[in-house]
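The next part holds the structures, each set out as structure tokens.
In the two complexes that follow, chain A is the common piece, with chain B as its partner first and chain C second.
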Partner chain A sequence: MKALMSLGALIGVAGLLLLGGMVLDVVPSTYIRLVEGYMPIQMLLEVACYVIGFTGLSYTLNAMGMAIPRFWQGIGFWVFFLLYLKYRMYPPIPFSVRAMYGTVSLVAVFMWVSASEEDWQKFKQPIMNVLDAQTGGNRLLRYLYLVLLPILIGGFSFNAMMPKSEEPIELRTVHPAPPASTKVHGKTYTLQTSQNPYRVNPEGKYDQEFSNANIVEQGMGRLMKPNANPWDDKNQGYLKYVREGGEIFYQNCHFCHGDNLNGRGLHAFAFNPIPANFTDPGTIAQLQETFIFWRVSKGGIGLPNEGFPWASVMPPWEQHLTVDEIWKVVLFEYWHTGYYPRTWD
Partner chain B sequence: MMDSITQKAGIIAAVAFGVVLVSSAGYSSVSAQGLPEGFKKGDLSPEPSADMIEAGKRVYFTKCVWCHGVDGAGDGPGADRLWPRPRNFNQGTFKIRHTASGELPLFDAKKPIAGQNDLFETVTHGLPGSAMPPWEGILSEEQRLQVLSFVTTQLVKDRKFTDKQSETQTILQLADLKPKPATDESKKRGSELIVEKKCVECHGMEGRGDGNAFNLKDDWGFSIQPANWHKCWNFRGSRQDPYNVANIFRTFSTGVNGTPMPSFADNTTVDERWDIANFVSSLCERDTLGNPLPIDPLTDKPKINFVIPSDLVEGEIPADIEHEAWQKAPKRIVAMGGQITHKPRNFVNRIDDMWVRSLYNDKYIVYLLEWDDRTKSVAEGKLPWAPTQVNIDVKEQDPKTGEEGSIAAKQNNYTLYNDAVAIETAVKWKELPAPIKPRYLFGTNDQFPMDIVKWEADGSLRAFKGTGWDKDFEERDNYEEAMKLVKSEWKNGRWYVMIQRPVGNKKDQDYDEDTFFEVGQYIPTVFFAWDGHNGDAGRKMAVSAFYYTFMNPPVPQETYIYPVVIAVGVVLLEGWVLTRRANRKKGKTL
Partner chain C sequence: MGLLAGKRVFSIMALCMMVGLLLLPIVVALPSLAIGEEAPAGDAAKKDGDKVEKGRDVYYKTEGIVVGAPAPKTVDGPRDYPRYNFESRVLLWFANQQHLYYGSFVLAVPIFCMIIEFMGVVTKDKALAKRYDQLAYDFIKISLTAYSLTAILGGILIFTFLTLYPAFFSYLSGIFRPVMHIYALMFVAESGTLYIYYYGWDKMKEGFLKWIHLSMSVILNIIGTLLMFLANSWIGFMMSPAGVDEQGRYLGNIWHVIHTALWNPLNLHRILGNMAFGGGVVAAYAAYKFLASKTDEDRAHYDWMGYIAMALGVAFLIPLPFAGYWLMREVYAYRQQMGITLMGGLLAWLFIIQATMIGILFLSTNYYLWQAMGRMRGAEKYQRYIKYLVFILACGYMVFITPHTMVMTPAELKAMGGQQHPVLGNYGVMSAKNGGINVIITTTVLSFVWYMRGNKVSTVSWAKFGNIFMGIFFACAYFNIIFLAVYGYYIPANVRVGLSVPQVATTLSCLFFMFALNSVMMKGAKQLGPIEWGKISARSQYALIMLATAFTWMMGLMGYIRSSVRLFWHVNEIMRDNSPWAYTHTVGFAANMISFNVLFFWITILFVFWLGSLGAKKVPVESKAGIPGSIPQPIASH
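For the complex of A and B:
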């Protein structure tokens, strides 16, 4: 038990040092990478690790006779969590969201310290001590609070009232509701019934199972299946079209969506909204192939208002590509990210 | 006994002599072996295993082939719309190295160690300023080493990384060389050395890459431009650490293979190279306090703030950039990308950022725009279209090399048009519920148009109304007289343009065409830029995202009153809590 707790303590100290380094900008916050697409679960795991570490740390300090009072433990944990959100999380979370998390964690800390009457007494004892001011130190503290609190609160409100020019927060719907049908190059496509004409097996039949068997493998790197190289000249059907789609992608799309389809292309930094990251499980993996066909054909200008058509630089690709080329690009995007398009059933 | 002592002494003396010899070899400018200062001979790395090469092929054909091509000749499907072009591996010519000029770069499939494995670092950190992304976090370390094993053994065809007959490794000992502190004295010496060593002939008098900018070619005959020292985040060798002088020191010591950039190892001492590196690094854009700009790790470019604050000045807005008001005005970087939404698309935009400042008074608002452009371009003769025309005959680049209109064939060979810049602001932006705006590219329609103020290098300043991306501009009557071109100057690779326009109001101006600039409001603003030397005209241009012009209001009186009231309230509250506690202790209840 003791050994286990010491190990916990070690984890706690190491974690605190790491976070401290990030706060002071000694350790970059990318030191331990947050893996794209898995950030939330990774964050929960990390916080769980910290909690285990703190339990161990508190136990060990207790055993060494240097117990930290419950009051400071509560405050310490809350402060830790706020710092963690601000300095560890990447991409950064906006203040409004951090404030929400902060409030929730404050409630959690209160529930923890007030779990039993005894705990609650222990927690509020230091506050009462300062209020009663029985000792010299506490009396000093009390006067300090008397003076500092009004100054601090006044200062904060002054800061809040000072006119500022912060970026207005604008919330955009990334996947707005699609129309029932869309007309591209003079032909109408019903989104519910249309199929990608290039998702075919070597015999030329629509075959989702065949194509699913040949997409790249999930996992680090998302590499192609060893015997499914789109650059093999002998390919017929699906893989041949993947390659043709790739050629179109790398002549037209990667400038924004990036060489790895992660939305980090050459021009991406200049644009807002930022280009979609197809490797994120929340984009094309969640959508039907016909939805992508509609979005690609009509581009930013064809979005409903909740999708910010005025700001999106996504081209209406019907101006640049043929229908066949658009279907091939869609095919390639699913192949390269290793996702299946969602089906209607 | 005696013998052994003399023997020992002899050995010690010999060792000491050896140490002196070796150490002096390391620190003279050119050693006995003919090595430049700071370099040491190294061994060639062993050949990667067949397994690594085979595994690397799989990585290559998933990720790299699209730009670098099936044979690694830098001719994949994506190659021809990229500038700089993807690397042709066949010749074994690599830019960023720790090895002497002309040598192969460091690569060892078993040692992914920073500073000892050039190619691994290139794949890990990418080549900023080009389309080569950082592969860290996408490919595992193992996968990066695998793909390099494949590239170095199968796609480098003219040279062999393991051939002791033809290849040598003379390695810059960067880890052992202590950087010289960037003192004023060191930077001053650096600034003299870049003239003496003729750096300025290509990189320009201010280091904006504008000297001899368009006569340089790489080993494959493609046009190539010298680096702009003011944008260190675009240095290919910056390794995602752009303000680190060691990266500049390395590039300067080893040269950039395949380009006209030579190695300066033979004609500079290590000390001189640090001075130059310190000076070059000091030129990179910094904030007002002289600190490096914060870099966004998602883009490896400076972080962007979409609000352009405008400060109030009393009386006339100064025309002199050195004036205190301009020096104090907050400066914002505006990122620019190619216009790739509608034809003709601009895949290679030469202008990738712009610095914007703004001041206003009761009548006017002035924008100061500064951007780097290697050439001053003014069209000769009359342009074949009217200034209002948007749908003009400019072809977009074809996707294949060698085609008449391809980038490779056209680079530096375009018809010369005017350099130009435009500020576009939303008209009637208050009528649209936030965040809705007119479309960024020349407005939505007649109902929600854009107010466009365009300056061209021929000295013209015009005002237009834009009613859609494919609609020709409507010229505005009389408005040009209300505007003023306060300044326009091209100097050493940078344009400085100051444009003044009325803030507008309902009484004097046209509500349907003018943007009214209201204090304390977020006014949607977009910037466009054209590089006349790049054949930019019409929709072939660089565009920004939506920014906001925000005219800082004077501080209202309440800001000083309310906090005091609140503080007094807190004092009263404190008194109440303390009294209550004291009464309770005494057993009294209220």
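For the complex of A and C:
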């Protein structure tokens, strides 16, 4: 047990040094890479490692007679987590999300330090000591708090009220609700029931299973499945149309959406926000194919009211492409990213 | 003997009367049902000779004879939208919400009474049985005053409809005409049953008569539930109309009008929601009384009452997210547009707030249970592991509340390099959120298991094996939930939706199997010390108040979301809202309005509690209840 705790303490110290380095900008945030495809779980595991490390550290220090008071344990953990979110995570997390996480972690710390009466007494003892001010040091602290707290609150208030020159926050609806139907090139498509006419097997029949079996592998690298190379001239049906969709994509879309469909094309950073990243599981992977068909056809200009402030420069592609071409591009986007369109059956 | 026989006859007569009251509305309504289907059609046929106009049901796609007028095409003006110098929609929102709060409360509490009274009847320990009986009585007493207020608020709601939305209300009441009076008569039946049930409590407190009394509570709850189902059919019709043609003309089949696409999911969701809400309100009442108590006896009683109410509320809270999931699934199946507006579009941020509230509910519950361990000797062995449960809960919670569309400044957007964050963006989708909430619920189950065995040591011969098995079971459950949450990213969306089934099954397995196994292991267990009712921290009671407030706020929020998903329709795709208020409020305004409704409800319910306490008379307690280990005694006479 002792050995395990010592190992935990070691992890804790190493983790703290690493985070300290990141805070002081000595160690870059990317020093330990967040591995694409595993990032969310990696983050949770990292925080879990820190918790194990802190447990070990606390145990070891306690055994050495240098126990950290519960009050400082609680405050310390909360500060650690705020710093972790700010300096370890990249790209930077927006303040609104950090505020949410910060509040949750503060509540969690409170739950921890007050879970039992004994812990709660330990936690509030330093606060009570300062309030009681039985010693000179505590008396001094109490006066300091008396002066500093109003200044701090005043500072926060001033900062919050002060007019700012930065652009205001936008609560943007990235995926506005689609209409029940859309009219493209004179034909009406019901979004809930329409299907991509090119999702067909070599015999030309609509076949979701066939296309699902031939998309690229997900995960790191995104590799083509064996015998599922769309650029093989012998392929018919789905893979043939993927190739045709790819050709249209690279002639029209990749300038903004990028070679890898990750929204980082040649012109991408001229726009704010940058174009949609199709490789993210929050975009096309969440949507029906007909939704993409509607968005591609109508472009930014065709965003409904709830798409305010209509921050999209995508042209209405129905003015440049045929219906068939749009369906083929949609087909290619799903194939390339390895995602399956949402279906309701 | 003669007196007893008389009472018996009287109670059986009362029970029969209740059954009669239950059946009365149906019997009375039978002719009106028949008329509703045939008479207008007959009239129409007479007027137009043999020509009968037929229409096609917008949902069931069946043909029917048109027997109703088309939905009115309203225009903004004093005829269709008369108004005060105030937004009519907000007034209606307020009246509706208050009626719903009280309605939920008075429907939920009798169900609690039924359960608790039943527990009292079957419990062999006489002292405990008496305690349960007193508790059930306390519950019904609270709901009685609230019941009159519910009826008053219902009246206010109808007057608000009639005054401010006459065209809409006239259309809706025209469609539901065949069942409108059933609803009213059911209300009469509910009132009659409730009063007999309440006032007959003392007269039917023992033996056979008690069983009759218990049967009355069953009938009371059947009536209450049917009432709620009928009310649900109106909102179900407004969201997903059926039984009418494209113009909104009634086609003569009232069952189609009632049984819309969303009726059943709404029914289930509301039953569970009402129960959880009712439990929360009673727990808050007990917490308030606990904090205000001056004696150990009172503290012991209200501590126990709060615990029972919380346990019942949470028992219905646990399956609530799954019922909500079913409702959303049906919404998507009914109209994809509606589903995306709710969860991915215009109202998505409100769902993040909802997730936050759900998390608060479970966090408060866990916190209360950990605090409750403090009143039993022997539970210390679990308390040192609480920090790990906090960590698991916090992780699950953070994943659960991560928004898909993050709020950020354009500068932050640029720094992030796109709308989706590569790490946190993954938490914003359903696969991760299902994992998050299931982890939270499983942890709550674990906290309950720890609480139930807090002051006990199992004496069964296979105790060690049982403990190891339970540990492994929970570990496997966590692993399975998290694995499926991650796996969900690698499979088609329709399969991913299906993954929620094994995730839920895992959580429910923990709930049922672990509770059952724990109960078997703890049978005849060695007690390390008694439960010292009343010896609990004040923080725990604030957790109960937090629980109730979060329930109330969440109910207000979800009601608003459900209602505003119709966007600019009074009746979805049938009757358009042409008032000046046919727009969706901002998130800030909605939040303020919900908070106002919550505040108003709590102020008035405090008044109701105060009224309830006026009738309570103190009686000397028979034994020194409240001292460590003793049973809290009833503190008021009937």
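Simple rule for what comes next: the second predicted complex is superposed on the first by the 298 of 345 C-alpha atoms of A that agree within 3 Å, B and C clash if a C-alpha of one lies under 4 Å from a C-alpha of the other, contacts with A are read in each partner's own complex, and residues count from 1 in each chain.
Please note the rule applied: a residue touches a chain if its C-beta (ideal position, glycine included) is under 8 Å from a C-beta of that chain, and two chains touch if they have at least 3 such contacts.
Quick caveat, the model's predicted, so the values are computed rather than measured.
Asks: Considering only the touch criterion stated at the top, classify A:204 as touching first (chain B), second (chain C), both, or neither.
Replies: neither
Asks: Would you check which partner chain A:151 touches, where first means chain B only, second means chain C only, and both and neither mean what they say?
Replies: Once the two structures are laid over each other on A, A:151 reaches chain B alone.
Asks: Just to be sure I read the superposition right, which of the two partners does A:170 touch: chain B = first, chain C = second, or both, or neither?
Replies: both
Asks: With the two structures laid over each other on chain A, which partner does A:256 touch: chain B (first), chain C (second), both, or neither?
Replies: After superposing on A, A:256 lies in contact with chain B but is clear of chain C.
Asks: Quick one: is A:91 in contact with chain B, with chain C, with both, or with neither? Answer first, second, both or neither.
Replies: Both partners, chain B and chain C.
Asks: Examine A:69 and indicate which partner it touches, taking first as chain B and second as chain C; both and neither are also allowed.
Replies: In the superposition, A:69 touches no partner, neither chain B nor chain C.
Asks: Please indicate which partner A:272 is in contact with in the superposed arrangement: first for chain B, second for chain C, both, or neither.
Replies: both
Asks: Identify the overlap between the chain B-contacting and the chain C-contacting residues of chain A.
Replies: In chain A, positions 36, 91, 166-168, 170, 264, 272 sit in both the chain B and chain C interfaces.
Asks: Per the contact definition, I'd like the list of chain A residues that touch chain B in the complex.
Replies: Interface residues on chain A, with respect to chain B: 28, 30, 33, 35-36, 90-91, 128, 131-132, 145-146, 149-151, 153-155, 157-158, 161-163, 165-168, 170, 216, 220-224, 226, 229-231, 246-251, 254-256, 258-260, 262, 264-272, 299-301, 305, 308-311, 313-316, 319-320, 336.
Asks: Give the list of chain A residues in touch with chain C in this complex.
Replies: Interface residues on chain A, with respect to chain C: 34, 36, 39-41, 43-44, 47-48, 51, 89, 91-97, 100-101, 104-105, 107-108, 111-112, 114-117, 119-120, 166-180, 191-192, 212, 218-219, 263-264, 272-274, 276-277, 280-283, 285-286, 288, 306, 340-345.
Asks: For chain C, which residues count as touching chain A in their complex?
Replies: Interface residues on the chain C side: 332-333, 335-338, 340-341, 344-346, 348-349, 356, 359, 363, 366-367, 370-371, 373-374, 380, 383, 386-387, 390-391, 393-395, 397-399, 401-429, 431-432, 486, 489-494, 537, 539, 587.
Asks: Using the touch rule from the top, collect the residues of chain B that touch chain A in their complex.
Replies: Counting only chain B, the residues touching chain A are 58-59, 61-63, 65-67, 70, 76-78, 80-81, 130-133, 135-140, 143, 296-299, 301, 304-307, 309, 335-338, 340-343, 345, 347, 349, 352, 399, 434-440, 444, 469, 520, 522, 543-546, 548, 550, 552-553, 555-556, 558-560, 562-564, 566-568, 570-571, 574, 577-578, 581, 585.
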